[in-house]
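The letters A, B and C name the chains in turn, as written, and every chain counts its residues from 1.
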């Protein structure tokens, strides 16, 4: 166990996970000592088969679950009961089910929720909301109730609700699940245009390839591999061992990553 | 069955409204303790949505008939008495306002009878049984069954009492009680079976979620790099001392029951109140009824205008007396229980 | 999916009734129902007057009578109960269509039916002309504790989501050839209910996470504030005040 370094900011990694282990109350252990560092500005894909512990890991990042053993730090700030509020502002999690995230009656109120809770009011609040919605291309839907939107639109609004908080790191849980190809591409465009650290949890390998220069594989509760996405996906042996399969006809060596990386 | 408008007279409805408001206020405070300050709204909201949905789940009995869960006992055991009561109250409120299911003026009666009495009786009994029985999962099951079973006729009895005090109909108390108890003993049996099975299903998968079974879970062991380590204690909002809560629940249950009995006796001898009514000239029509000289004259007297007044006053007096008595009982029992309330750490059995 | 409005009872419209702020309508309906409940049952004409009042409101709100009548079926269980009364209430009896019934029982049945129906009618009109969200804001405006209103809004927001989950579970059961036919199958249904609880609770936790991740500390930031003008109050008061007048006449006549 390492003690967290003093917060001298910008050189600190956005996310640092050390020796994280966790078991659910029913006794099922999901994480067996995870080590992961994400540098500022990186876009990293967290890959793994179903049940590998991906979502469990995500819930540790902003202190929803408390580590059974090990530590998590966000930009140097350790995740713990003392600084939960600040941690949760810094870690913007976009949950898999946008219905969980959009709990307010209208899109505008939902996006405003975070900044308003932080004390923003009036014109300033409106500006923040508009900007966040514009970043995801949903400004025209501000006054609609979330449940009237399509699934893809809801997911983009969910991203906006988190962006409005200006997070240090954006964590997306299965961002491409349940999206039709057009919504999928629109979301990818949105994510590429954002200038924030991204940790993307997914088993959608082409999507990881498209958006993230670096990938890690979480398997059986530990980080089993950590390499540039193209290399990882090309390693057939490794992929097979961790139950990861590329879609039929997809060749990871044929397509360059569309994102040059670092900002 | 939700009581509609016009079934219980205005004063008693208002008194029940006050009781319900008190119950909801207590529920809000208690729920914050059970769920944690900031988790209250989303969790209670979702549990209320669950109760709302599960009431629509049909359990076929036989020959095309079916029943459904009332959910008071279930909610109390799964999420705790205060949250449970609060959720039932919210469900009733929304059913009344949105679906016109249950009258607006009868909202207080509905919340008191279906939210308050059901939940408190269920949880009080549950708690008492769990304390007495050995600390195993089977005890939780047995206690759940008993609690759910008793809660339904208890709520029916409470309704009968409210009806006896402020009912606008002349159905004799004995008949109402017999009919209500008869039907609700049966319903209670169904409620008990379903509640027990449902709690059992939750216990099997997420025992930590069952409020009534807290303290039965095993401390976790984690395997890190092949070695077993103790997990940090689970991050639960600190539960209020179970002892105090039990006493609270029992105290409230007692006071609600007392409310019924005191009001009942107050209304059984309403002569004094009738005199007041007569002196104020409120019984003009009553005399006409009395003049009819039928054997029902007394019903006429009891029924028409002043019965509303007398019943209402009786109800109000009943509630006041109840609160006083209930508070007294609470203080007495609390003083006696406090020293032992915390000493519950007994050797556990394997579950 | 949660298509359509969160509550199907609302009928979109632009009538003067729709335009009133929710809290004025809530007060009006409550006042109306209290007046109805307080009216002596012997004043039968008064209940006719109340029904006319409701009809006038429905007309102003352009709510079709058929819709209103259909919604009144909520009280069917109590109608059945009311029909028992002439047979269980002791007292002077009379012959009605060849059946012996008790007179006070008939009065009781009339009383419960008339008042219950008027109450349901008023509530249905309220729900049909007021959007759910306004209704909740109205309740808050009337002093309902904010936490209670929050709980109610979450219940409403997720009621459909959870009911849908329940429906999907039922479809899944039936697709595998399971049809609940009797008490023997309660175990399976209870397991579904248990699973539904776990899902609901976990969703509650996830919603809570989504909220705290955005700085929620227990109170909802107030973004919209509803107010009512004096004219609006006066317009809303027309219903309960007329009802009060009818009620008082019912007592004196």
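Just so we're on the same page, a residue touches a chain if its C-beta (ideal position, glycine included) is under 8 Å from a C-beta of that chain, and two chains touch if they have at least 3 such contacts.
Remember, predicted model here, so these are calculated numbers, not experimental data.
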Chain at maximum distance from subunit B, centres defined as averaged CA atoms: A
Comparison of A-C and B-C (more C-beta pairs in contact): B-C
Chain centre separation (subunit A, subunit C; CA means) in Å: 42
Cα-centroid distance, subunit B relative to subunit C, in whole angstrom: 21
Shared-contact residues (touching 2 or more other chains) in subunit B: 42, 205-206
For subunit C, residues contacting two or more additional chains: 153-154, 157-158, 161, 203, 205, 207, 211-212, 216-217
Multi-chain contact sites of subunit A, meaning residues that touch two or more partners: 103
Residues of subunit B defined as touching subunit C within the complex: 1, 4-7, 9-10, 13, 24-25, 28, 32, 37-50, 52-54, 56-62, 69, 78-79, 86-87, 90-91, 93-94, 96-101, 103-106, 168-172, 175, 179, 193-194, 196-202, 204-206, 209, 285, 294-296, 299-300, 303-305, 308
Contact footprint of subunit C on subunit A as seen in their complex: 59, 62, 64, 84-85, 88-89, 91-93, 95, 97, 99-101, 103, 105, 109, 112-114, 116-118, 145, 147, 161-162, 164-165
Interfacial residue positions of subunit C with respect to subunit A in the complex: 1-3, 6, 133, 153-154, 157-158, 160-161, 203, 205-207, 209-217, 221, 223-224
In the complex with subunit B, residue positions of subunit A that touch it: 19, 21-23, 25-27, 29, 32-33, 65-70, 103
Subunit B residues touching subunit A - in the complex, by the definition given at the top: 42, 205-208, 217-218, 220-225, 229, 231-232, 234-235
